[in-house]
Every structure is written in structure tokens, then in C-alpha cells.
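The letters A, B and C name the chains in turn, as written, and every chain counts its residues from 1.
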Amino acid sequence: MSTTTYREAMRQAIREALISDDRVFLMGEDVGHYGGCYAVSLGLLEEFGAERIRDTPLSESGFVGAGIGAALGGMRPIVEIMTVNFSLLALDQIVNSAATMLYMSGGQFNVPLVIRMTTGAGRQLAAQHSHSLEGWYAHVPGLRVLAPATLEDARGMLGPALEDPDPVLIFEHGGLYNVEGELADDAGPVDITTAAVRRPGTDVTIVAYGGTLRTALTAAEHLAADGVDAEVVDLRCLRPLDTATFVASVARTHRAVIVDEGWRTGSLSAEVSARIVEEVFYDLDAPVSRVCSVEVPMPYAKHLEDEALPQVADVVDAVRRLGA
Amino acid sequence: MPSLGADMEAGTVSQWLVKVGDEVHRGDVVAVVETEKSTIEVEIFESGTIAEILVPPGKRVPVGAVLAHVTSGAGHAANTVPSVSTATPAVPRAPVVTAAHAATVDAAISPPAPVARRSTVHSPVLRHLAQELGVDLVTLTGSGPGGAVTRDDVEKAGGRRGDGTRRRGRATGKPKSVPPAELQPVTRVSSSPLARRKAADLGIDLSAVRGTGPHGSVIERDVRLAAAPALPEKAGPGTTVADDRAAAMRRAIGALMARSKREIPHYYLSTTIDLTAAAAWLEQANIERPVTARLVLPVLLLKATALAVGHVPEMNGFMIDDVFHPSEAVHVGVAVSLRTGGVIAPAIHDTGGLSLDELMTALKDLVGRARAGVLRSSEMSDPTITVTNLGDLGVEAVFGVIYPPQVALVGFGRVTEQPWAHAGMLGIRPCVTATLSADHRVSDGHRGARFLTEINRLLQEPEKL
Amino acid sequence: MTKDLPEPDTGAQFTRACAENDHKVHLLRQMVRIRRFEERCVELYSRSAIRGFLHLGIGEEACAVGVLEALLPEDAVVATYREHGHVLARGVSMRATMAELEGKVEGCSRGRGGSMHLFDAATRFYGGNAIVGGGLPLAVGLALADHLQGRPRVTACFFGDGAVAEGEFHESMNLAALWHLPVLFCCENNLYAMGTALELTESETDLSLKASSYRMPSWEVDGMDVIAVEDAARHAAEVVRTGGGPHFLELRTYRFRAHSMYDSDRYRDKAEIEGWKSRDPIPALVERLRASGVLADGDLERLEAEVDAEVDDAVAFAEAGTDEAVEDLERFVTSEPVQRLASP
């Protein structure tokens, strides 16, 4: 065990991939000379050179498309997009090309590409750097969408993602990079197909992912002090969703609160809620409840941003309203 | 009529560029066709002579219709224009037709409805409908997939037309088992799916269970609670059942009280009430009554509490989802300790409206039945405020825990003789300590004090009770 | 560029001249194959055997044939939704192509793609991209993979004049030039982005000038002359393959038919269309080959008859083809184990 950060865990994962597979290279805006806009790739240019730590122009569609082409051409690219908001400039390539190529070609051309990007709010970056749009990508067949929320996942998801023959999107919540914790020295690949129960409990299931996992876990501690034993499920894989894990949890606890930093309307939380109702309706002892971001473009001012985001108190309150 | 676009279903020949007898070659433009989107020149894929024009200008025909016949140069059999000619069967079917066809086939090959079996889980809308029509879903036989009860089944059972048309409370068509005039609208009780399943398992009538869940819905715990006192009726002999029941009740009380303490910001007041007048009046009143009909002090306390609520309505009602719903009716719940352990607080309906004699009868009946385990579920679910009287057990005051979702609980302790100063004179008088536990979200100490004072005032004029 | 038939004064020269002549006939055959294939498509579309959008390249055959003749088997091709000619010129069978247009599992994309999404792994044909400009970044990436792996390969990327207005065009030109990648950009400039003329959409209508601004060598080529196209493409591909960085060919061409099946073509002048039809690449080549004695009397008719037979065979193959089992609807959303990829 040693103390590390989410950022460092991610960097180690990239390093390991670069060392173990010549086909892997990292490409994106400011990944090289700048060291990565969130410093994830700091030092990698010096270690691996400019061919493999490839600075790109500000051409999201161009370099994401180039990543797809390189994947088709036998490489294993890791493409970094600064934030999910910028990824919209590459939406065409991700949705129209990466996700469709295998199907359109009748199974001939798979796209083994990994795209990493930052998501989420909480750092006063306002309305063009703060949104949680991973749910949009989770809508698209042909993509795998991951949201590492722990150090283990930050360290362990990239390897299996690179081994996946199809495109994988990894969403790193910007509020997590500085999170410190203990990580086993031999931490390695983790499963990228299932959700995880991060805290067992009996009275209510709180479903969260990415940046909201910590909110959910903190809320669970508050609730425990009041005698409410909450189970916390970390979705981890946003597509394909591991329905079985959260549905089984709700079947045990009979109550569900979903915490999603995305906007409520048409959100991932809506999908989780629908699946709970579809699968375990007769086990529910209360309506499914959701805690999402307020439906506004993210404001800059701290107090407004706080108000817009799901907070621990909101989760606690939602659980109490369910009568747990 | 050639297909001229992905979404084209029909077209209109606006102009023929050839006439009968004209010689045509593959690739020649022979007609102009208008579609919904544009005007297109139609070419021919055969060479020969136009033998017959079948569709005149201005006529709209579906894709695949024959427009004209062409005789090939060497006197072969007539061909049609355009290439649909070659009698190819590939004439497209319009999607609508295909769909209709498929539906018919489905209907024709559908197996007869499966043998009905009893289903214990029903969708909320069905439950609602069943309640509205007074249909007992538990005994209803379903005709839906897997024996599920369908809306049709409920409507039939409830006397509504079974043809799927919805007619609220109006009689049409065939005679009904329930005359429409008797269809009483039933207030809908929301309940969680799990609560419904549990109620079906335990044979509990959900409509009589008081809900404590979100939006006042009945949740599984409410069903368990409602089931607890009713269990002796159903349970067979044997201590195990009783033990289980006692343990279950202890858990239920624990959960409810924990919730109360967690959610309700209690505040407590107490006052000592001089019962001289009440005791004197009671003594007098009982002289005229046969022993079996004699009144006891708790009846006065109950009545005074019920009437005092009229002056301080914040004490009477329910707190649901952080919103207080005052109750017009006053159903005072009476805490009754059970011999098997535990306590329940069933209601005496319309406590304030009963005469003291009626109240006495009701109280005796209620306590008796509570201890025998034969309460009605409405008695369990209806209390709007609770009175607990621990005077029998010797304590002087009781600071109780409010029953959620109620907002107040009045406690009375033992009646004791106390030194009492009155008009500058010290005397010995019978007194009781009345306490109030109330929900600070609904009222505060000022109103609580007003309430206790009002009880006190009412007890000073027992003849008016 | 054309060469007159040299005098057969030496054996070597004679042999080379014969090979060149054979090659020109081959170019003619390829163009006729595409033309006849697409003409049959019109017919099949009219009777609804082909549905959806169908974009024909009739008139533009010289571009596809000329460029693809200049490529090697290991090279890659990225094309647009007007790609029947490219896929046929690349060597994908007419049967598999027609079966795809008819939505059959025997199609080159198993009937999943249709006319706009023809794919073929064996010839490294990466579609069939129906997002205008969408193929350019892909081509850059394919070339990047070759660059990183040190393979002397060319990626030919076809796109129309409409794509030049897309951001992806500029992003891709910049990336390819910046990283010196082996891409051969082939802009088929048929003067119309769907129904809107180039001068209505571009502030600078000289497209090769745009490429030059990325410091990329660029040529304008007569896209109605297959020999000129092949010559230019062969030269450019050679430079690209040997580390010369990306090149840009503007192939000036014209489609004789509507943008897609069907439109009323109201945005083009009839006289303009007729003017371009007089430069039809097929009769133009036939005339030259006849003039130089390469095509004798009856040669063309024989060639056409052979092509017609191939088209008939392809149509029969497609119509006898099978519909993919609906149980397989969800196959290939994601990859499956290799052994299943081999079927059917």
C-alpha cells in the first residue's frame, strides 16, 4: 500500500499501457509539452517521446477521427479530450463513425479506441467546462462508457479498455484528480463490465457514479448516524449498464435514490430509475427518487454552483422522504 | 409507376412525352411524374413501341402500377412501362398494408386466452379502478397473459362494459351486477407495490391502513403494523406464534418510535390540573348510573382533550412530506398496553361528538378488543391525536413520543392529592399532571400552552363536557 | 496526358506498348462496368428492389477508376456515399456490391450498410461514409497508423467539393500536413454540394488553392479523362508512399444524373448538363482507342456484352440472396469472438 492520487493512478495506468504495448500512443490537446491540462500526462513526453505522446491542434473532430483511423490501422490509441464539453466538437466522429463502423460494415471493421475526457462541475468553471454529458454517450450502442470513481478504477480501467476491441469512453470527474488515498502497490486491471456495491446496507439503495459516489458515501455515513443503513452502488460502467447489481440491491432494500450530476431530464438517472421500475416494481416500498443537478447551465459563482449540484444534504433528505 | 424516392408511395403522371405508336429506346424519357417532393422525368428501360397508355395525365397511382404497355420491336409479347413490365413480382407493398396484414395474421394465430390463474400482484391503475368499482382483486379471476387480471376483467366484475370503453359512473349496455347509482367514488389510497404484495400475503385490506410513507402512501411497515394486532385471529395456538408476534410488534414499535424521534422535533409542556370539580361532578353523575354504566375519570380527560383540539387545531392532524394536514375530524387514539407486551393506540372515532356515556362504552369496548386483538384496521389507522394515561401505573407524569404522522400526544399521570393554594388559602385537592408532546414543525410552545390551558379550563366545567 | 502509340521498332518497346494498350482497355472496361452497374441500379430502384438513398456517380467514373488503378493492394481507401464506382474499381465483386444494395446478407456489408456504406476488409475499403467530410479524419488516422508502424502505404481519401466547407476538411488537411502523413486527398469536384453550386457555398472556389495553404502539393486534374487522372494519381501516390507527405488532387468532374434517386435537378441548367455530357469519359476514351487502333470493330460491343453479362449475373446473385436472420439484428453492435466473424 502506498498513498497516491487519482491523477497519479491514471498516469501510472497510461505509463503501463505505453510500456507494455508498442501500439499504444496518447494523443490530445496539450498532453505533451504542457503535461496535460489536468497534469495527468506530466512527464510522459520526456519518457516516451513526441511520436507516442502526441500534441494535437485544437481539432477535436480531426484528432478523434484520426484516433479512429489509427485504431482501424492497427494501433491502440488513447485519445484525450480536455472536457466533455469539448467532446461535442467530436461528436460526429464518436457517434457517426466509432460507434457505427463495426455494425455498418457487417462486422468487418472494429474500432479499438480509448477516449478519455474530464467531466463534471464543482470547480467554478461555469457553463462550458462543467457539464456531465456522459449520459448522452451512454445512449449510443456500439460504445462502452466507463466512469472510474475510485483510485483502483482510475488505475485499473484503462488496461482492459485498451484490450476491448471496440471503442471505450472513460469519463474522469474533474473533482477527483486530487483525491488522495491508499492504493495497493500491485493494483492492476479491474473488471469493466459490472457495477460495484461500495457500501452494503439494508434500508435504501443509493445509486451513484463518478463524482457523485463520494457524495453518496458521505450521505450514507450521515444516515447511519440516524439509524438508516444505506447501501451504495457505484455504477462504474455507464454503458452497457450492469442492471443486475443495482436491481438486486433495490430488491433487498425496497427503496432507491439515484444521484446523478447530469440534468434530470433524459438522464442516466432516468434510465436507472426506469430499469428499477421495470425489473423490481413489486419490491418497491416507495417511489424511486432522484437527486440530479438543477436544470441550469452551470453558473460560475460558488454558492450558485453548490446549489445547482447534488449535495450530501440533498441525498440525505431524499432518503428521509422515502421513509427509510 | 416507378419508385422515385425512398419515401414515395404514389405518383401522378403529369405529362406523357410519347404517344401510342411511338418507338422508344431504353433510356428515353417517356413521361413526367409528380411526387410529393418534386417533378421527375421517367425513363424507360425497354426498347419497342408504345402499344397502350394505361394511366392518363393527372391520375395518381401507387408505386408499382403499370403505366403503359410496350411491344418489343420483334413482335414479342407486350411489355409494360417501366420495367415493372417484366411481370416481376417485386412490386412493393406499401408499409401500411404490410402492417395491417401482419396484424391480421397475428390475431388469427393468437392462441386462445390462457387458463386464468389467480394473480396476487396488480398494477396501480387496476387497483385504483377496482377500488372505484368496488371490485375485490384478490378473488378476481384474470384473463390476461399468465392469468393476470386486466382492466377488462375489473370492469366486467364491476359492472362496467367490458368492451374497453371507459364510462365513469354511467350505465349503458347490458345490465350490471352493481347498479351504477351505487357506485360510490372511493378515495384512492396510494400504497407501495411492496405494501400491496405484503397486504395480499397477510390478507389485509389496504384501504383501511393509514399510510406513513411518502405522500401519505401505505408502505410495507404500515401493513405489518396493521397486521400485528389482527394476527391472533388468524394465528393458530402455540407460543412460538405469540413470541414471534411480540417480537414483531416490538420491532414495529421500535421502528416507528425511532422514526418519530428522528423526524419529529418534539417539544414538551406540562401543567397540573385541579380535578376537584371534575371529581365532584363524576361522583354525582355516577350516583344515578348502574355500576356497569359508571363513568371513569379518563373519559372526562379524553373528552376534554378532544374538545380542546377545536381551539388549537395545530394539535390534530398529520404531517406528511413536511406538510401539515390538519384533520377536521377528531379521532383520539387511546394508548392501550397489551398483556403480551407492547402498546397500541387505536382510535375512538369522533371522540368529541360522543356523549360521556357513549364515550365510556366506546372506551371499554376498545380496550377490550385491543387486548383481545380484534381491532378494526380503521381504528389503527385513523387517530388524529393520541392520549396516553399511565395514572393506573402510578407515575405522576408521562412525556410521550408522538405517533407519526400525528403531531401531538397528551399524557396524564396519576391523580394525587396535592397541597393547593387557592385564593390565598392552602388546601388539599385532587390533581393530575397533564403533559403535551407536540411537533415543533407545526406548532410552538405558545400554542401548546394554549392547548393544555384549554384542557384545564374544560375540566373545570365537567357538566359541560 | 496521352501518348501516341510508339512505332514497334524494338521488341521491348513493343511489349511495353502492348501492355499499355491492354491497360487502357482495362480502364475502359472498369468505367463501363461502373456505368452499366449504376444504370441497372436506376432500374432496380424504380421497381423498389433497391431502396433508401441511392447516389449515382454516372459521369464521374474516370475519377474512381483513375485513382484506384494507381493504388497497391496494401493501400487503404476511404470514400463517400457516392462510392459504387470506387468499390468496383477497388476490386470488390459486383455480386457482393449488388447484393449489398439489395440488402442481402451476401452483400459486402451483410446488408447492414446499403448503397451509402459499402465496406470491404479484404481490399482495405473503409466505406462508404455518409457524413460529408466525416471520412477525412479517418483517412488521417489510417495514415498515422502506417506512419507509426513504418509501413510504406498510401491512404486514398475521396470526398466531394461540398466537404471542403466542413471543419473536418480543414482539421484533416492541417493534421496530415503537420504530421507529414501519407494521405492522398482526392476531391471529386462536381461543382454542386447536393443542389447548391460551389460559387454559392465557397468564398474561394479554387479548391487546390485551399490545399496549398496547408503547404500541401496540389493539382487540378481533368476528372473526365481517366488517363490523366491515373497519371496524376500514380505520380502523387508514389511521392506520398515514399515519404513525400500528403498530396491533394482536385478532380474536376460532373455527375450526369441527380444528386440522389431522384431529384428534379432544377438547380442545374440543361445546357450545362448537355455540355458536360459531351465530355463523357467513356465515349472520349473509346474514341481515342479507336483512333489509335487499339479498339477494333466489334471490340467495344464484345466488351459491353461481357459487362452486361456480369451485371446480369450480379443482379441474379443479389436477387437469389438471403435476408439476414432477424435473430442476428444485434450482432456486430460490439465485437464478438473471432470464430463467429468467419460466418456466414
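What we mean here is this: a contact is a pair of C-beta atoms (placed from the backbone, for glycine too) under 8 Å apart; a residue touches a chain by one contact, two chains touch by 3 or more.
Quick caveat: nothing in here was measured; it's all calculated off a predicted structure.
Looking at which of A-B and A-C shares more C-beta pairs in contact, the answer is the pair A-C.
Closest chain to the protein centre (all Cα atoms averaged), using per-chain Cα means: A. Taking each chain's centre as the mean of its C-alpha atoms, subunit B lies 66 Å from subunit C. The mean-CA centres of subunit A and subunit C are about 41 angstrom from one another, to the nearest whole unit. The part of subunit C that touches subunit A in the complex is made up of residues 76, 78, 107-113, 117, 119-121, 126-129, 131, 134, 136-146, 148-149, 155, 167-168, 171-172, 174-175, 178, 331-336, 341. Interface residues of subunit A, counted against subunit C in their complex, comprise 25, 51, 56-57, 59, 61-75, 77, 92-93, 96-97, 101-110, 141-142, 144, 165-166.
Remark: subunit C residues 39, 42-43, 45-49, 51-53, 261-264, 266 touch subunit B in the complex.
Interface residues of subunit B facing subunit A in the complex, by the touch rule stated above, are 121, 192-197, 212-214, 217, 219-221, 258-259, 262-263, 321.
Of all the residues in subunit B, the ones that touch subunit C in their complex are 2-6, 27, 38-40, 43, 45, 63-64, 82-84, 88, 90-92.
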